[in-house]
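Next up: some structures, all given as structure tokens.
Common to both upcoming complexes is chain A, partnered first by chain B, then by chain C.
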Partner chain A sequence: MEKAAYNKIVKKNTPSENILKNAIIAFVIGGIMGVIGNALVQFYSYVFDLSSKDASVFMIITLVFLGCFLTGLGFFDKWVNFARCGLIVPITGFAHAMMSAALEYRKEGLVTGIGMNMFKLAGSVIIFGVVSAYIFGILRIIIMGG
Partner chain B sequence: MTYLNSFIFCGVVCLIGQLILDNTKLTPGHITTIFVVVGAFLDIFNIYDKFVLWAGGGALVPITSFGHLLIHGAMDTVNNFGVMGLFMGMFDLTSSGIVAAIVFSFILSLIFKPRD
Partner chain C sequence: MTFKYDNVYINDTSTVVGPYEANGPLSKYFDKKYKDFYFGEKTWEQAETRAIQDSTLILLKKLGKKSTDINVHIGSDLLNQIVATSYASAKMKIPYIGIYSACSSSCLGLLLASNMINANQIKNALVTSSCHNNGAEKQFRNPVEYGGPKKCYTTFTTTGCASCYLSNEKSNIKVESATLGTVCDMGIKDVNNMGAVMAPAAAQVILQHLKDTKRTVDYYDLILTGDLGIVGKNILKDYMKDAYKINLTNYDDSACMIFDINKQPVYTGGSGIACLPLVTYSYILNKMKNKELNKVLLVATGALMNTTMCNQHLTIPSIAHAISLEVVK
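Up next, the complex of A and B:
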């Protein structure tokens, strides 16, 4: 009863323009991340003379490093609050989740803090990714023949 | 041209995520998890490969490519070892991202102090 009333108030006071603004920001920032990723792939394949498959691995490592480093410096939390999904959905969000868990639990010690809690936020991505990839992999063998 | 395509592809994926985040009660953790599963699902019929061809590096930036790379790594070993290959090659292509995330966040979390 109280919850319904609360939800009504929340709904009334949440401006619909906000959703549109958030969506546009996420689209633009996400698009910029995509352009950066593509530019890094082109850059690495040009400079180190790699195939685009190997260059994309370098690109992912670079973005993960940037995500961790900027989270450590403290900028990235503000940017994530501003861009939301524009930075959470790219691979930087994965790095951000791991880095913020590691930073948060550091005071509890190396093993009991960082070691046990690093995957607290990002673990679900790996677990669901592996389980779904296993199931869909079997489907793919059946349907496409590997 | 791939720059424009990667802008559009990555932007649209983030836009979908933002719309889910704003219009439902799901947390960012739910959204990244859903996107990984969707990326793996799209790879059953090689759909994600077409995105990668179309958008270049931009298609590999969103977390959906994580599911795509999991299946692709597994399929490489499936060709040699059959169904057992699913267990062997799953992390072949994604290991770089996971190892980088573990190593960098461990080392950097020792260097930096947490901020609010």
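Up next, the complex of A and C:
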């Protein structure tokens, strides 16, 4: 049988992802994350009398801590599995990616385990984050003049 | 290539499983069930070694034999360099052959052992097949705690070890023949769709077996494939019908039997080396002993890939080996 004909059988029998359902879940959970983030910014700027720029740093620290903490407690992976991009795209996803890799390799030593593997998932986020920041920075200078 | 055997018998088997299998529909047939993924060890890799040791000890106890009575241990697992089995074998002191043919290793192990017994080179052999869900996830996919979303048609690696003792001493289950498969590649690249990768290999070996033995599919009471899952099972049925005009009616897939797919979070079924032998050595052999099944063809399927080759966007080759079991009358 030709590969093309076989591919047809595969396509016929392979279920497709429910994109709409996934998108709605990610939209709602991601939105809730945004509301929580904003509430934290308001809270910090009100309670500690900070500028909203400083308060958003505090907000990021809080969310990163919560992401790591809940991963450590062992149930954040189930939330991620359900909410998908709703929890992966916000900063919680970054914290969770690093924490889960650290947990996975902790038995293989501090340096050879945690040190070498902690950025297994998050490493590419940082690399491409820096590269895109660089490109957009240059574009900004060219288009907006700084 | 098909081998016929005259004096190879399955005398006894043992099964050790993890929490998901223990909560599955075949729970009552397993010898030992663990409640968590660590099996009292520190890591998942060590847990797999523990499962192999447990399973071997249970089997030796059932047989009333010592490890020195065993001629050869043939073992396979999914960890890199087959370490889980090698570490378990280090404690058993049985002459050891470590084999790797991905998830088709279980049948390959039975085939090699049967060949040696049939040729009177050895009197008996111990064949172990094991895998560990978290160990496999760590090696092939993302960290377990990451819980990243997966495709809805992927499969869930089983956890446990299944051991089998074969010998030339007569018992009621005979290894009748075995067919060695060839590697095939139908151009599938999707690492999540292992059923689609492996179904053509299963079809090829079933066809070869029927041709070599001059049989039809009706000869067998049950043809049981390894770990295709629901998707692969349907693909194999359609493929056999379209390409070879063979209707697979007396057919099932062990990946669809070991878990309750509707209730457990296992996507489209089980996978891994241990999937087929766990189902066979518990549920299927039990049915054969009760004479509900007389002739069974086991077809273990394996995807011969690793993460490096998948990241290089190569298509995934697959292989399958078949073993024919018969009840001795």
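Please note the rule applied: the second predicted complex is superposed on the first by the 129 of 146 C-alpha atoms of A that agree within 3 Å, B and C clash if a C-alpha of one lies under 4 Å from a C-alpha of the other, contacts with A are read in each partner's own complex, and residues count from 1 in each chain.
In this section, a residue touches a chain if its C-beta (ideal position, glycine included) is under 8 Å from a C-beta of that chain, and two chains touch if they have at least 3 such contacts.
Source: prediction; values computed, not measured.
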| item | value |
| --- | --- |
| Touching partner for A:G86 - first (chain B), second (chain C), both, neither | first |
| Contacts of A:V41 with chain B and chain C, given as first, second, both or neither | first |
| Per-residue touch tally on chain A - higher for chain B or for chain C | B |
| Partner chain in contact with A:F76 - chain B first, chain C second, else both or neither | second |
| Partner chain in contact with A:V64 - chain B first, chain C second, else both or neither | first |
| Touched partner set for A:N13, first chain B, second chain C, both or neither | second |
| Partner chain(s) touched by A:A5 [first = chain B, second = chain C, both, neither] | second |
| Which of chain B and chain C A:L50 touches, first, second, both or neither | neither |
| Common interface positions of chain A, toward chain B and toward chain C | 18, 22, 71, 74, 77, 84, 88, 97, 99, 101, 103-104, 107, 121 |
| Residues of chain A that touch chain C when the two form their complex | 1, 3, 5-7, 9-10, 12-15, 17-18, 22, 71, 74, 76-81, 84, 88, 96-97, 99-101, 103-105, 107, 120-121 |
| Touching residues on chain C, where the partner in the complex is chain A | 42-43, 138, 142-149, 151-153, 186-188, 193, 196, 200, 231, 234-235, 238-239, 242-243 |
| Residue ranges of chain B in contact with chain A within the complex | 2-3, 6-15, 17-19, 21-23, 28-29, 31-33, 35-37, 40-41, 43-46, 55-63, 65-67, 70-71, 74-75, 78-79, 83, 86, 90, 93, 96-98, 100-102, 104-106, 108-115 |
| Parts of chain A lying in touch with chain B, wherever the complex brings them together | 18-19, 22-23, 25-42, 52, 55-57, 59-61, 63-65, 68-69, 71-74, 77, 84-86, 88-91, 93-95, 97-99, 101-104, 106-107, 114, 118, 121-122, 124-126, 128-130, 132-134, 136-141, 143-144, 146 |
